[in-house]
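Both of the next two complexes hold chain A, though its partner changes from chain B to chain C.
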Partner chain A sequence: MISEEVVDLSRLQFAITALYHFLFVPLTLGLSFILAIMESVYVMTGKQIYKDMTRFWGKLFGINFALGVTTGLTLEFQFGTNWAYYSHYVGDVFGVPLAIEGLAAFFLESTLIGLFFFGWDRISRVQHLAVTWLLALGVNLSALMILIANGWMQNPVGAEFNFETMRMEVSSFADVVFNPAGQVKFVHTVAGGYCTGAMFVLSISAYYLLKRRDQAFAVRSFTVAAGFGLAAALSVIVLGDESGYTDGKVQKLKVAAIEAEWETEEPPAAFTVIGFPDQEKMETRYALRIPWVLGLIAPRSVDEPIIGLKDFLVQNEQRIRNGMIAYALLQKLRNGEDDAETRARFKAYQKNLGYGLLLKKYTPNVIDATEEQITMAARDTIPNVAPLFWTFRVMVACGFIMLFVFAASFYVCSTGTVMKHRWLLRLALYCLPLPWIASEMGWIVAEYGRQPWSIAEILPTFMSASSRSAGELYLSLAGFIGFYTLLLVIELFLMLKYARLGPSSLHSGRYYHEKIGGAA
Partner chain B sequence: MSLDYETLKLVWWLFIGLLLIGFAIMDGFDMGVGTLLPFVGRTDEERRVLLNAIGPTWEGNQVWFVTAGGALFAAWPLVYATAFSGLYFALLLVLFALFLRPVGFDYRSKLPDPRWRSAWDWGLFIGGAVPAVLFGVAFGNLLQGVPFHFDADLRSYYTGSFWGLLNPFALLAGIVSLSMLVMHGAVYLQMRTEAAIAERCKKAIAIFAGIFLISFAAAGLWTAFGIDGYSITSIGALDADPNPLRKTVEQSTGAWLHNYALFAWLWLIPTLVFVMTLLVVLLSRIGRPGIAFIGSSVAVACVILTAGFSMYPFLLPSSSVPSNSLTIWDSSSSFTTLKIMFWATLFFLPIVIAYTSWVYRVLRGKITVQEIRDNQHTAY
Partner chain C sequence: MNRTPRHDTFRREILLILVLKIGLIYGLWYAFFSQPIDRELTGESVGAYFLTLPDHESSKTNPKGGR
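Presenting the complex of A and B:
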């Protein structure tokens, strides 16, 4: 078996490269639609200022897109480089949405982005508008395919284990595509992206307004962002709640961990607003609890219980025992004792095979596990509660603050009093980091909460890693951190420079820095 | 011919080959231009001409690489898993070099400082030249086999080192692919530029076409007489569930020519490499780079086909435990997945080719220094 150190380093490398990628993706998702909206107004009204808006925010879009592509390259190949056993074990299912993403979505956005920047004088207005919309469509279609793949890791439907090939294989592709876990993750994630795009435009526009520069340009941008942002923030919260509901059905253990529900409560369960979860003692100290609320969010019912972590522990221990039986039968089948009875028994037990594999961490043979090893493996099925509990709450708090900022901004826009509320402009400026914090926290909730599995209840994370050495992992990890950080610093430097410069960077002669003859 | 499992396994060999050829032709000239950038472009404005000749379209071309990666994952998961985890640092080196391109194109001309611009120019050179060499090195290693084996659970173990990949034969293959792609890139540039830059491209084409043909011929002779090829001595039913542990394989010098001995018409393919490359040089000299580009694209495709047909049905031979080698028969996905991917590719790839052609048509024409001056704030 691979050493725990290699597994941890592989996980860290995946987390870091994915979190870096996820700094750029949400902005691409949101800004692409905002560009399409701005350009639509330009095409409908013929007003130059909307074209300038599309081109200026498009410049910032380009700076961000470049790093999105750079960091995305890694992820297409990292399953192979660092998660070879995973790739073998589930590639038959998981590889399909990834390949279709390339064919159907990434090709579209990457081919059209050049035309978005360089096609203004070569194609008609309507054609260019179509390019911008298709670009936005491609970007969002990418997210759909990736989240179908990710949704399958959380809730692996539509696939069967094949003992001959020793892997999971597609049994119903429709189930994989219409997996409820994937669908709610998609809508929640893209809505989060729309919030990011909106907050980005809102904050930077607020900065121009605070400086009293390019007001006509900034107010229009601010207004588009406020409207789009309000709709996005409402969706992200409603759809986030929807994912809570779906998780409540298909990922009950994750919900229990996020909510630090140690005991099964009499329904409807109370919601712990804040507290200090203690993994060892399996309790939450200083908990502030609101009755009924969790029952309404997760099962949306007053009489369905939320199963507590302690009860999961008992259930999972039994599943591990059944998993040992499944593993013994699998060994028989693979050694050629392929008779109808063994097959039938294996079929009956195979949904517990993943639980049996959890024992591989402690004993490679699985079937000779001691009671103590079974207890340890059962304990592993409960994710670390405190980090999930906190990251989830930070994410939700960010969501509600953003909702307030967008709603207030929308109100001042519709009453035409934007410039009279300098406090709101300042607040909008300071809220710039919030969507990124929320996105990163959301990723941690979803993926850290999936542990100890790489594919829920099917393949443990520690089995999934490639057989490489710790030294190699340290080297590649250092390479990624160093290179990505350097690129991020360069990106932020350019982004700040161009955001400060504002629409003057278009060199049209119509904007602030050019009129006063300042630096451009 | 019905679409049974055995047929689909073969079809997917053709599809992955098609994606690789698409990648080598489309992203190949971008890598070639990247390699030529600091040499053919002498001034900042000239370099910007080169960058803008490929700038608006290079991004779509790179997706051939990403899609080939995704298709490999879906169609041959064991190859994806074994090759990329085994050739760990080689692949990371390719990726790190490729990282420099999206940022290089977009960021380079956003600041006027000459040091900034020169640094990105060299970054784009690395982003072109390093992958161009390493893709060849990878093929060189595939032909020799790499040391890996599986345990009973089909977990793969790679027992070689990174430096072992940089052996003489593989480096020769690296020279083949670098010189081929530089030639291909120079042809594209000659087509999209004029005056001094186009003249320099002509020279580059003649030089690199020469290096390419000599190294390709040398690699061919070496493959025939110098290295051990692989052949299957026994295997189960070809339409069975894939299991790479159920066959026997032997190694022998010249085995990579078996297919050419069986089907003599295959010799047409390497022959075309020579004919097309000589035509490219000629057409470039008489000022017909447009037709020359078709010629160099055919040459690029035929190089990949030459290697592919020589190895068929092997995908990733194992030099340490040859019977664990991966072939098209025992490393594919399930029948269902191959079918889904077959229809998805048949549906989407023509659409991709259609809109890509439209974009190239819209953006056609020569890039001039004057054009860069007129658009200095928007051009790359």
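Presenting the complex of A and C:
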């Protein structure tokens, strides 16, 4: 088997690069629609200031977009370099949405980006507005494809295992595309992106307002961000609830781990607001619990229980035993004993094959696994609860704080009292990191909560990695960290430079720094 | 919109960029993806990896990623 060190390094490399990539993606998703809204107002009213807003925020969008593309490309290549068995086993299913996304980004988005930046004086207003809306729809279409692929990793539907090719093969592409896990993750993720874009514009506009410069520009930007952000924050919370509900149907164990539900309690289950999960003892110390709440928000039922992790252990032990039978049958089929009865029996046990593969960590000969090895493999099916418990709560807390900031900002914009509430402007400025923290925490919940699987209940993560050497992985990891740190420095330098300059960076002669410079 | 020399130039530029992109993506495909996928990672080798017995045998069939 491939060593644990190599698997862990491959995971670390993917996690670092994916989390880094996702610093840029949500801002691209959110800013694209904010640009479209600002430009729509410009086209409808003809007011120059809205064109300036679109161009200025578009400049920051462009910097962010370039970094997002650069960091995203490496992820797709990692499937080939570091996850060769994964790519062979599920590439026929997983590769399709990734290929669509790659081609859409290469031909559609980048062309539209070019038209957005260089088309202002070369196409009509309405044509340019159409480009901006298409750009916003294009980046969201890319996100849809990625989340269809990711949703399939969480809930692999529409595909069947072919023992002859040792691959998962698509049986219904419609099922893959309309997978409820993928769809609900898509809407939740893009709504999170809209929050990010709105908080970005809100915070930087608040900075200008606190500095009392370019106020007409900043108030309008602040207002657009407050309205869009309020709608986005409400959506992300409602869709997050929907995501939890869907997980409660298709990823029950993950929900139990996120909520540190060790025991199956009488429905409706209580919600643990805070506590200290202890994986060894399978209990949560100092738990602060609110009766009924989890039952009402997760399965949305007063009589449907949430299965506890201890019961999952028992269930999964049985599935591992069935997996051993599936494994033995697969060996027979691969050895040429391809009769109808063996095929029928394999079909009956096939859904447990992944559980049987979990034993490969402990014994090369799965069918002769000992009771102790079965128990250890069953324990592996429970992800590490404490990180999931905490990251989920940090994400939710960030979401509610943002909702408050957007709601308060929307109120002061509606009453025309933005400049009278400097505390809110300061709060909006300090809240700038929140959407990024929430997004990163959300991804940790989604992907760390999927462990020990790369494809839920089908392919264990440790069976998915390529047989690279640890040295190769340390070297490439160091390369990624060095290169990405450089990219981060460039991003921050450019973002801070243009954010400080504000609309003066448009060189229109109408804004603060140019007037000051002109006066001087 | 009326066709003007400026718009004709713009159309030509967009067309040129698309042609360049098609050329570039063909080049990428030719350089990295045109060989058969299963050159090393065949159904046989994956079957052996998943269903093999001892460690020392699996090393014979463990291909590296990436090709």
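Criterion: the second predicted complex is superposed on the first by the 513 of 520 C-alpha atoms of A that agree within 3 Å, B and C clash if a C-alpha of one lies under 4 Å from a C-alpha of the other, contacts with A are read in each partner's own complex, and residues count from 1 in each chain.
The rule is simple: a contact is a pair of C-beta atoms (placed from the backbone, for glycine too) under 8 Å apart; a residue touches a chain by one contact, two chains touch by 3 or more.
As the structure is a prediction and not an experimental result, all values here were calculated from the model.
K.L.:
Taking chain A as the common reference, can chain B and chain C both be placed on it without clashing, or not? Answer clash or fit.
P.N.:
Superposition check on chain A flags a clash between chain B and chain C.
K.L.:
Looking at A:319, would you say it contacts chain B, chain C, both, or neither? Reply first, second, both or neither.
P.N.:
neither
K.L.:
Once chain A of both complexes is superposed, is A:188 in touch with chain B (first), chain C (second), both, or neither?
P.N.:
In the superposition, A:188 contacts neither chain B nor chain C.
K.L.:
Quick one: is A:173 in contact with chain B, with chain C, with both, or with neither? Answer first, second, both or neither.
P.N.:
After superposing on A, A:173 lies in contact with chain B but is clear of chain C.
K.L.:
Name the contact category of A:62: first (chain B only), second (chain C only), both, or neither.
P.N.:
A:62 sits against chain B, while chain C stays out of touch.
K.L.:
Tell me which partner A:365 touches in the superposition: chain B (first), chain C (second), both or neither.
P.N.:
Only chain C; A:365 stays clear of chain B.
K.L.:
Just to be sure I read the superposition right, which of the two partners does A:164 touch: chain B = first, chain C = second, or both, or neither?
P.N.:
both
K.L.:
In the overlay, answer first, second, both or neither for which of chain B and chain C A:513 touches.
P.N.:
Neither partner.
K.L.:
Per the contact definition in the header, classify A:107: touching chain B only (first), chain C only (second), both, or neither.
P.N.:
both
K.L.:
Using the touch definition from the top, say if A:74 reaches chain B (first), chain C (second), both or neither.
P.N.:
So A:74 only meets chain B here.
K.L.:
In this superposed model, does chain C or chain B come into contact with more residues of chain A?
P.N.:
Of chain B and chain C, more residues of chain A lie in contact with B.
K.L.:
In the superposed model, where does chain B crash into chain C, at 77-85, 95-103, 203-211 or 347-355?
P.N.:
Only 77-85 shows clashing C-alpha atoms.
K.L.:
Considering only the contact definition stated at the top, list the common interface residues of chain A for chain B and chain C.
P.N.:
Touching chain B in the first complex and chain C in the second, residues 80-82, 84-85, 87-88, 91, 103, 106-107, 110-111, 114-115, 119, 122-123, 164-167, 334, 466-468 of chain A appear in both lists.
K.L.:
Can you tell me which positions in chain A touch chain C when the two form their complex?
P.N.:
Touch residues, chain A against chain C: 1-2, 80-85, 87-89, 91, 103, 106-107, 110-111, 114-115, 119, 122-124, 127, 164-167, 327, 330-331, 334, 357, 360, 364-365, 463, 466-468.
K.L.:
Which residues, counting only chain C, touch chain A once they are in their complex?
P.N.:
1, 6-7, 10, 14, 17-18, 21, 25, 37, 41, 43, 46-47, 49-55, 58-59, 62-67
K.L.:
Would you pull the chain A residues touching chain B in the complex into a rising list?
P.N.:
62-63, 65-67, 69-70, 73-74, 76-77, 79-82, 84-88, 90-96, 98-104, 106-108, 110-115, 117-119, 122-123, 162, 164-167, 169-171, 173, 334, 466-468, 472, 475-476, 479, 483, 487, 490-491, 494, 497-498, 505-507
K.L.:
Of all residues in chain B, which touch chain A in the complex?
P.N.:
Touch residues, chain B against chain A: 55-60, 62-63, 66-67, 69-71, 73-75, 77-78, 80-85, 88-89, 91-92, 95-96, 98-99, 102-103, 105-107, 110-111, 152-158, 241-243, 333-334, 336-337, 340-341, 344-345, 348-349, 352, 355-356, 359, 362-363, 377-378.
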